[in-house]
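Structures are listed in the sections that come next.
In the two complexes that follow, chain A is the common piece, with chain B as its partner first and chain C second.
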Partner chain A sequence: MISFILRRLVALIPVLILVLVIVFSLVRLIPGDPAVTLLGPGATNQQIEALRQQMRLDEPVVMQFLNYVAGLFQGDFGTSLKSGQPVLDQILLRLPATLELSICATVVAILFGIPIGVLSATRPNSLFDHFTRVFSLVGVSMPAFLLALILQLIFATYLGWLPVSGRVSPYIVVPQVTGFAILDGLLAGDWGAAWDAVEHLILPTAVLAAFLAATLGRFVRNTMLEVMTEDYIRTARAKGLTRAQVTLGHGLRNSLLPAVTVVGLKFAEMLGGAILTETIFAWPGIGRFMFEAIKNRDYPVIQGTTLVFSLIFVLTSLFVDLLYGVLDPRVRRRMK
Partner chain B sequence: MRPFLLFLRRNQLAALGGAVLLLILAAIVFGPMVGPYSPTRLDVLNKLAAPSLQHWLGTDSLGRDVFTRVLYGGRYTLAIGTGVVAIAFVVGVFFGTLAGYAGGVVDQVIMRIVDAMLSFPALVLAIALAAAFGPSLSNAMLAVAITLAPQFARVARSQALAISVKPYVEAAISLGLSDLRILWRYVFANGLGPLLVQASLSIGSAVLQTASLGFLGLGAQPPLAEWGADVSSNLQFMRESPWVALSPGMAILLVVLCFNLIGDSLADWFNPRRRSEID
Partner chain C sequence: MKLLRFLASAALMLPLLTGVAHSQANDPTKTLVIAVPADAAGLEPGINKAEPIGSEVILNVFDTLVAWTAPEFSKLEGRLAESWTVSDDGTTFDFKLRSGVKFHDGTDFDANAVKFSIERTKAANSYVQATFGLISDIAVVSPTEVKITLSKPYPAFLSILAQPQSAIVSPAAVEKLGDQFASHPVGTGPFKFVSHQDDTNIVLEANPDYFRGAPKISRIVYRIIPDASTRRLELENGGVDIVQQQGQLAAIAAQDLEALKSNPAISILEAPSQIIRQLEFNNSSTTSPVANLKVRQAIAHAIDYDGLLQGVFAGTAERVYGPLTSNSWAFNSKMKEMAPKYDPAEAKRLLAEAGVDPASLNFKLYSFQGSLWGAVATFVQANLADIGINATIEQTEFPAYRALQTAGQFDIALDGRQPWYNDPDAHITIGYLSSLADTAMTFRMPKDDPLDQLILKAQQTADQEARKQLYFQIQEEIMNRVPGAYLFSPKLIVFERANVKGLVVNSAPPLNEYWSVYKE
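Up next is the complex of A and B:
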């Protein structure tokens, strides 16, 4: 197992180097002189020169890249052009909000997606199956921003059941311990604050979870339909096992393993969707931070957030690979 | 023609998706020709009018007819979807086929770059690239195409790997045909099926991603009637006139749904295990 982890880590090195090259190149893709573009038309020559030096644009490209990587290893993700604050500090400040939203959405998607997929597969071509297939297709075809607007309109504007946006109500004051609003409310013993955070979380979670639940439902259904044609299922039936034992003990168990990969990869992909969701719901995470940086042409922040999204993506893929080994004895044996 | 008709007969959802898509296509091609309104003509005395017989989907904050803008937006959206996938297809398939056929260092270099590009959430990379290129529809299309190309490269490479060891490729090599000719006539031509499935599945993603960039202000710029940008520019009127922002949004959903219905059925059709279920 350890040698497998080491092999996976070594294989990551060239990919991570190329990821760094892509993120580093983002500023260099700006048409013309990046310093002039970033500062806008009113900038003086001195300001342009100062920014060029700050961004080390006057050095050879290879040196710029090496300095950039060396900086990253020392926790230096650059300085925001807008606020003048270190980018990493601002990302870390917002990361819990994005993780809280993504983790909740993943849990909700699993709770809905897997049972829907299983029930569809056990009753193929039934009314329930047709309904869930259409629901799943609509789910994966729905633009995240459209679903967000519809839910906001119904549940916040018309019915007034849930808040339109934000993470907690302005009158709630809870000391930040973990950065996770619900957890902080619970730790402070303030049930009202925790419930307020839950209410704020419901709509953005529903938007993010819809896509994953739809994808997961489709995937589990298709995998289970394939698994249920396998010889060992026939054997299980021939042994006299009940339908539930065959479906849950053999069908579902073998279908869930590939679903782990889908959940892992879609969790990371969902972070991309978080940019839209966080922007619409004014959710103070790194997705919204990236959007504001784009509006302000704050390239160090765009680079920093892009890199963090990519690192989460890569680490999630690695985690999924390892989890696969833990869950499936056959994979574990191959690893040895 | 017969396999195509057979496919439609066995895949009623794909047939439905195709029929709706054809209707939408007819509407966006011929609709603006017979419609009385221009997508950019202002009528401030009639702004934010509710849907009526004169204005089927109402008017926006500048008095422009929403239905006309949705029809014009459809032209951009379909052009964007096919254009983005065409760029991604050409670039991805070229490098993927080359990697699979050449092998060795060429394969390693190309596939590591592909792996690196796939190490970003697609929308994040598209947003970052579009932000770097500058906000415009063509830049947004290029950014989305760059994020989709690695998927084509992966499929093309696996096809090329499988096909390049086939006897007919060995025969072509023995006949002294050039590598380029072998790649084009044998490797690419015989691996086309799964690539077309990938293309049909990608059009929906391309439309969604480009609309998302438009929504964030990184794609089409006003007054261009692009669906994502139209949703975004009418957000402030959601409370009193929701139809203005929701109409282009629902149009995106409908088009992407149709493409996904077709793509899904094609994927099943080309998958022997799933095809036996359909048959």
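Up next is the complex of A and C:
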């Protein structure tokens, strides 16, 4: 088991190097210069050249790459061209916001997606099944910004139950300890602040979770329909197991493998790909950070965030593989 | 599992242990929440590059020696300077400073702080090299007197001193904080810096000892909300008090304006700006069809200026007649007659006179990105089609667009200029001086001794009236050359909740002060 993990971790290194080389050259291939973007239309060549020198963009690309990699080995991800702050610090600062959102969305999606999938699969072509199939089709295909706008209009504007955007109310001041808004509220002993953070979390969680829950529901339903026709299900029924035992113990467990993959990959995707949701809800996460960096041609930030995403992605898929072992004894044996 | 349960219950118990839940919530009627579309690039005056959001925060945390007087913003008033005199040759500026002013860290403001701050910016800021480079000496005459000497006359210098790059910083704080000063700015301004959470907010609190009197609100929270429709919803719900139209492109769309106008909970402040947007010709090119004056005149007559203002902007932009906006002190009112009128028949006649078949003209019409620029480009394209000219719109991402422009690889392009200081020089020199033609996004004027001489003379003439006459002459000279078709000047628009009072929108450049603002 441990050697399996080690082997996988070593295999990570070439992947990350490849990612780095590709990103490093790609960001420099897109037309446009960070100095030009930062200074805007009114800048003269003299101003731009001076800034380029200051940013050390006048050095040969190969030198820039070597300097960057040398820095990485010392834990130095470079400094943002826009703000002048260290990239790694800025990523770590935004990580809690993104984690908070993705974890909540994944949990909510699992709580809704799996039961919906199971219920539809056990009652195929029932009214409930038709209804959830329509729901999941809408959930999968509706763009995030549209769903976000509809939810904002209903729950914030008309009902006035929830805030439109942001992570905490501007009137609430709580010391930042963990970076997780809810936890910080609790740590400060401020129930109001914690509840305020929960209220802000609900709408963006719903938007992110809707897509995942819909995907998950469809997945579980389809695999489960297949599994339920297997011989061992008939055997289980013949043994006289209750309906619940057959469905959950044999049916669901065997349908979960592909579902785990979906959840794992989507979770990793959410960590980096929630750009739209983070932008609409003014959520200060990494997705938005990367998006802004691309707009500003902030090379070190683009490289740093891509590197962190790749790392998260590969680690999540490793975790998923390990989870396979937990769920499936055959896989567990192969790992050894 | 047991450990998990313990941790969970411990977390829940914690508030009870630490005692009564103390909500540090602030009084909403004393807190002003301002929505901005992007985070500030920095709060450090020394390296400020005229980025609007950081600049505005700087002007509320720091003071400058002089500032433009509201509401016209056409006359300078003293801030940290009580009074000043300028030598007849326009190179020496003597400032008498206010005494008894303290920085937020408790240290005294004096002439040394002025010398320290201006020299610091001069050394660190490449963006203002061209202007700060003119400073040859800063002499501390006494604690309340400072003398600044320039190497050559530059009348717009006082205007530069009103900019965020010239804000006076606390020398003690700079020494104490070092690199950290950029993230903990200390000035003398009406608001003290409290915190800056990246991509989330910037919080300022009132400086009760401010020398012009304590601000009426106790706290400012800048909320960074990148999405325009979210900003609108927040404003309608009262989640923010003020939404600025930063740069017009990331702004609340014109069609939303009507809806917001009919909402009694929201009021809209409009102010003319000094921003100019134009259809620009590649004036340096000798091979382009627009090298022919008659073709340029024809295109300028083809555009329905009033139709553009009504159709695309629904009243959110104003007519601009020539190289300066009508609210500039150097605006020559003769421009209103000289500006080409919308007259397609005249346009066709001019083309025929030039012997140019419109069907032979096939232009790429370059433009910035964004739906607003798209709408303007489509409008111009239709106007050109009316006189038989075919144009294809190329909306180009800014950095790539700039490269095309400065290399002169275009015939016609939509462009614009937002002056970063309040002086006609900001439009005229960069726009039309031939030696700068391909060093920035300019009109790419060809070498033209009479015009160049005039521009340099106006830039260095100390006497205001003589200077004004020079700019009058320059405007006429430029209009005769038809370097472009001046399309519109977007208004500065600020949306605010109806209970917000006392804000005066600053037109030059659009950086607002919140010292006078209060909530009912």
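Keep this in mind: the second predicted complex is superposed on the first by the 297 of 336 C-alpha atoms of A that agree within 3 Å, B and C clash if a C-alpha of one lies under 4 Å from a C-alpha of the other, contacts with A are read in each partner's own complex, and residues count from 1 in each chain.
Just so it is clear, a residue touches a chain if its C-beta (ideal position, glycine included) is under 8 Å from a C-beta of that chain, and two chains touch if they have at least 3 such contacts.
The structure displayed is predicted, hence computed values, not measured ones.
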Which superposed partner A:G189 touches (first chain B, second chain C, both, neither): second
Partner chain(s) touched by A:G166 [first = chain B, second = chain C, both, neither]: second
Touching partner for A:G240 - first (chain B), second (chain C), both, neither: neither
A:I22 touches, of chain B and chain C: first, second, both or neither? first
Which superposed partner A:S83 touches (first chain B, second chain C, both, neither): second
Touching partner for A:T306 - first (chain B), second (chain C), both, neither: first
Chain B versus chain C as contact partner of A:L38, first or second or both or neither: second
Touched partner set for A:P60, first chain B, second chain C, both or neither: neither
First (chain B), second (chain C), both or neither touched by A:T279: both
Footprint overlap on chain A, where chain B in one structure and chain C in the other make contact: 31, 149, 152-153, 157, 279, 297
Footprint of chain A on chain B - complex, ascending: 112-113, 115-117, 119-125, 127-129, 131-134, 204, 208, 211-212, 215-218, 228, 231-232, 235, 238-239, 242, 245-246, 249-250, 252-253, 256-257, 260-261, 264, 273-274, 277
Residue ranges of chain A touching chain C (in the complex, touch as defined): 31-33, 36-47, 50-51, 54, 82-85, 90, 93-94, 149, 152-153, 156-157, 160, 163-167, 169-174, 176, 183, 186-193, 279-282, 284, 288-289, 292, 297
Chain A - residues contacting chain B, complex: 14-16, 18-19, 21-23, 26-27, 29-31, 137-138, 140-146, 149-150, 152-153, 157, 222, 225-226, 229, 268-273, 275-276, 279, 290-291, 294-295, 297, 299, 302-303, 306, 309-310, 313-314, 317
Chain A-facing residues of chain C, complex: 11-12, 14-15, 17-28, 31, 33, 38-39, 41-42, 49-51, 126-127, 129-130, 182, 197-201, 221, 223-227, 229-230, 233-234, 236-237, 239, 397-400, 402-403, 406, 415-420, 430, 436, 438-441
